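What follows is a set of structures to go through.
The two complexes that follow have chain A in common; it is paired with chain B in the first and with chain C in the second.
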Partner chain A sequence: MDQLLQHLVNGLVLGGTYALLGIGLTLIFGLMNVVNFAHGEFYTLGAYATFAALTLADLNFFAALGLAIVCGLVVGAVTEFVLVRPLRRESIDTVMLVMIGVWIAMQNGELLVWGGVAKSIPHPFSTTPLTLGGVSLAPLRLFVLVAALGLIVGAHLLIHRTRLGRAMRATFQDADTAALMGVRIRRIYTATFAIGSGLAAAAGALLGPVFIAYPSMGDLASLKAFSVVILGGLGNIAGATVGGLVLGVAEELGAGYVSSGYRDAVGFVIIIAVLLLRPSGLFARAERVG
Partner chain B sequence: MRKRWFLSILTVGVIAAFVGSVVIGLDVARAQAPVRIGVIEPLSGPVAASGNYIRMGAEIARDWLNAKGGVLGRKVELVIEDNKSDPKEAASAAEKLIVRDKVPAIMGAWGSSMTLAAMPKLEEYGVPMVVETSSAASITKRGNPWIFRISPPSEMEAVGLEPYVDKLAIKKADFLAVNTDWGRGSIQAFGDLLKKKGLPVGAAEFMEQSATDMNAQITKIKTTGGDTLFLTTAVEQITLVLKQAQEQRLSRKIVTTGGSSSPTQLIKQAGAAAEGTYHIVFFMPWFPESMPDGKLAKAFVDEWAKRGNPFEGLTEGFRGHDGIVTIAEAVKVAGKDDPKAVRDALWRVNLTGVNGPIHFEKDGPAGKESGQSKPSIFIVQIRDGKVALPEFARK
Partner chain C sequence: MRRAAGILLALAALTLPLWIANAYFLHVVIMAGIFGVLASSLNLLLGYTGQLSLGHAAFFGIGAYASALLTLRWEWSFWLALPAAVLAAGIAGWAIGRLALKLRGAYFVLVTISFAGVIALISINWMDLTNGPLGLPGVPAPELGPWSLRTKSAYYYLVLAAVALAYEVCRRLVDSRIGRAFVALRENEALAESVGVDGTRYLVLAAVVSAGLAGLAGSLYAHYTRFVSPEVFLFTYTVTMVIMVVAGGKGTLAGPLVGAVLFTVLPEALRAATSWQWQMLAYGLILVVLVFFLPRGIVPTFFR
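So, the complex of A and B:
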């Protein structure tokens, strides 16, 4: 029983961060229709920005997290403004190729700046685990879970409760009509891309201290983010949240009770099953936005 | 008419003379050109730290060789390729070094899966490779006569650990290994050792090389009731496993295998989580005087520090040194930098590197044997935030 509970706790913590990655991508991929292969690089950017803020600028840990998110927002906005905006009338494949270029350029840029040797990111939390019965959890991981859930709720509120969110939803339902109603749709595209990238950077900033930071860390993150988006349905924030948690728990239980050698396979088997049985995702709405 | 003939012959003659002189000139240039040694290491990707340390060690060997006049009166030059911790890249790096750079021998490729991926290229083009790190048994068992390994396969490591099994008071052991040829081979070898000693084995768990969250495996291992955990992977993942084991309060004697644990880096990056762990290493830079050639080991440690290289890299770095001096010695014995001649000469190499004596013996199927040296193996423990010889290993 303790073992099962521990697996579930591990899975939830992991799933929370998958969800964060998935929400960022579902905004960009699901709503904007940009196959963003560089999503994982914004995750890496968040981790290295935290590292730089902590070790080079000597910032407070929480200030460093905030700075990393701002970094993700700004670089995301610039990427959209410079590379995606001129291609809005182009086919999805053209944009995809450009994003592959961004992915390669960013990853090699990180390699150039930071070198290939992994960096350990310091954090102020105690390393003594909190225990309840047979289940233990490091304080840092608890913080990561809470922060991830906070950001997820924040993103949800932003899209469903604010003017910007309403404009975003209107734009992705029908860009032309939204424009006629006075929505500045080009700004909405930039904002959406920036928010998605900012969320990826937040995931990197939160997970960097839990793990270690290295230039190719984004590859795995991208893979998981795409899985979560497919699982939850394109453009569906609630779906991405649940999809992330499902993937995290499934991988954890698969590794724990089936075989740790096939840990990643378990996640993908679920995705194949979902694609076969419910091709538009677990939580597909009757009509797709976009 | 005649004049024309004469002109044509003259032209052909001039061209022939020109081409001839260029060819001769190239030959002369070749004789003065450096001896180029290919190096394939993971300089980026999940195991980049190790690959970069080996590069630093190889550069020390190169500079020391060149300071003593080089090899065959020619300078030694390293052509270094990054395999990105990826077997596919290792194969194309080998092909590039052989076809484009025309190196007579290669050192590489760190991970067993990377080495195994590069091996068919060696056979295809007939170029020898000195394997400096990889531990999977299959490397020297496949019948590839271009392979010369100076690192110990997991079996040899297990034999080296045998006298300590009783002293470590192992009752029941679990395994956690990276899901590669190295990790799988290591579980096999150490599992056989325990079986031979009549000790039970609990869980045998794997993790992907790029995995960062090993909580599921640790939770599972917690339930087996073992007292020892054999951990086989590179230092980055060892750091993560030790941290996560501490988070889950896993109480085990942890023994890392494969020699890529860099205890000093673990103390730095895993802190208290590394306390009490045991590590099988092939170089003890903390006490170089205890190495087979104490003077050489000391000189290497001093040179490493002088270059500002990080101390924690020494347990990998020495491999780079030993690999390059082995190839340089073979070129010297062969008298030329031709791949086939260097291969034949590798069998006659007899020298002492930082690890100890290097001399190849035949291993693998008859007629197509690979070379395997018998390296020295040591065990150290992290105690009070320092690297020490375990109580039982002290004289």
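So, the complex of A and C:
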């Protein structure tokens, strides 16, 4: 029983960051219709930006996290402006090929800059775990969970309570009508891609110190993000949140009770199973933005 | 003119080991041939039916493992293991086609990636069958009667035959009713179905043939390098195939072969000057540049 609780808690920590990745991708893939295979590279970017800020610039840990998110926002905005915007009228497959190119280029760029040796990201938290009723949790992991939940709430508020969020929802419901109402939809596309990428960078910055940073870490992150999006339904932000937590817990239980070698297979199986059995996602009736 | 060029090309291909004595150059040509089969197989899906498979390394790997295991564990002859590898990959292609081709576009891509991910994890974790990450060393070289095809020039002819076979299979398929159905489905699926083209059936057929050809390439690769490990499932292989098809020209028969030669010879030629990471970085950038500036690929742009 204690073991089960422990797995659940670990799963939620992972799941919180998966939810961030998933919300980011559901904005880009679900709403903008860009099959963003580079999404995981923004996750990697977040982890390396944190590492650089801490070791090269000697920044405070929390400032480094903030900087990583800003990095994700800026690189995301530039990517959208330079590569996605000119292809707005092209087919979804054309844009997908470009994003595959971006994925490979970013990943190998990181490999060239940082080398193939994994980097461990320093953090200021004590390594003595907190224990409560048989469940132990490193303070760093607790911080990751809290920060991820904070960012998730922030994303929800941004989309549902701000002018920008309203403009985003309008654009993705009907871009032409939104444009007629004075929404500058090209800016909305750039902003959406930037926010999605920023959330992925945040996930990388948070999970980087828990594990290690290495250039190909984004591959699995991309696939997990896709499985979260598919689990939650395209463009469904609440769905992505729940989907992320479900994937985190499922992976942790799978690794604990089935086989740790197949931990990463959980996401793949979810993609295949959900697409075949329930392609609109598990929470299709939940609130929908798109 | 075209005919003369074709005869010259065939003659050059047939006599190539006579004027390329250098073993390393011959190795590059053999790899170009194996990738030519792979790129042609991917092109059948991506170029003709318009569905991108990003799990193609899985069919390649299944072919390689099937062939290696059959010859190593059960001591089958290469000449039986090769068709068995094609069959194994074809069956996997059928399963994925049946499952995935209810889905189109991005969803098809995701299912193929996930399938490749699961297969790669199995190859790493199922120690008893695959020997895990250590791989299977000592895959035997094919023998033809009393001769061993161990030498590079002999293997070259084997690969050349496979390339010719793959080309011919694709050509016959594409020039037939079936090929026209593929293109019709790519261009407008609803319209194609309204005139009686059974979309799912044709797409499954394309997936089976495409996977089978990838399995053929896998078997040839296994018996050439004589070693198979989970690295055959590396995403790099899939990416290389995509670049070859997109650069050479999607939906043309010659395009994937041109792409395969270009993207096998070029990296080798630049190997002294650049490292592997630079090469992959360049692949990513080339893909982006191609989509923007040469969207139809080399063959349709320069040779039509």
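Convention: the second predicted complex is superposed on the first by the 274 of 290 C-alpha atoms of A that agree within 3 Å, B and C clash if a C-alpha of one lies under 4 Å from a C-alpha of the other, contacts with A are read in each partner's own complex, and residues count from 1 in each chain.
Keep this in mind: contacts are C-beta pairs under 8 Å (C-beta built on N, C-alpha and C of every residue); 3 or more make two chains touch, one makes a residue touch a chain.
These numbers come from a predicted model, not from an experiment.
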Combined model on chain A: chain C and chain B, fit or clash: clash
Which superposed partner A:Ala205 touches (first chain B, second chain C, both, neither): neither
Partner chain in contact with A:Leu151 - chain B first, chain C second, else both or neither: neither
First, second, both or neither for A:Gly261, with chain B first and chain C second: both
Contacts of A:Leu54 with chain B and chain C, given as first, second, both or neither: neither
First (chain B), second (chain C), both or neither touched by A:Val84: neither
Chain B versus chain C as contact partner of A:Ile159, first or second or both or neither: neither
Touching partner for A:Asp219 - first (chain B), second (chain C), both, neither: both
Partner chain in contact with A:Leu112 - chain B first, chain C second, else both or neither: second
Touched partner set for A:Glu252, first chain B, second chain C, both or neither: first
Listed stretches 225-233, 243-251, 261-269 or 279-287 of chain C, narrowed to the one that overlaps chain B: 225-233
Residues of chain A contacting chain B in one complex and chain C in the other: 111, 219, 259, 261, 264
Contacting residues of chain A [partner chain B, same complex]: 3, 6-7, 10-11, 14, 111, 115-118, 120, 127, 129, 131, 136-138, 141, 207, 210-212, 214-217, 219-220, 251-256, 259-261, 263-264
Contacting residues of chain C [partner chain A, same complex]: 50, 52, 54, 99-100, 102-103, 105-107, 109-111, 113-115, 117-118, 121, 124-125, 235, 239, 242, 246, 277-278, 280-281, 283-288, 291-292, 295
Contact footprint of chain C on chain A as seen in their complex: 29, 35, 83, 86-87, 92-94, 96-98, 100-109, 111-112, 219, 223, 226-227, 230, 259, 261-262, 264-265, 267-269, 271-272, 275-276, 279
Of all residues in chain B, those that touch chain A in their complex: 42-46, 48-49, 51-52, 84-85, 179, 205-208, 210-213, 215-217, 219-220, 222-223, 236, 239-240, 243, 246-249, 268-269, 271-273
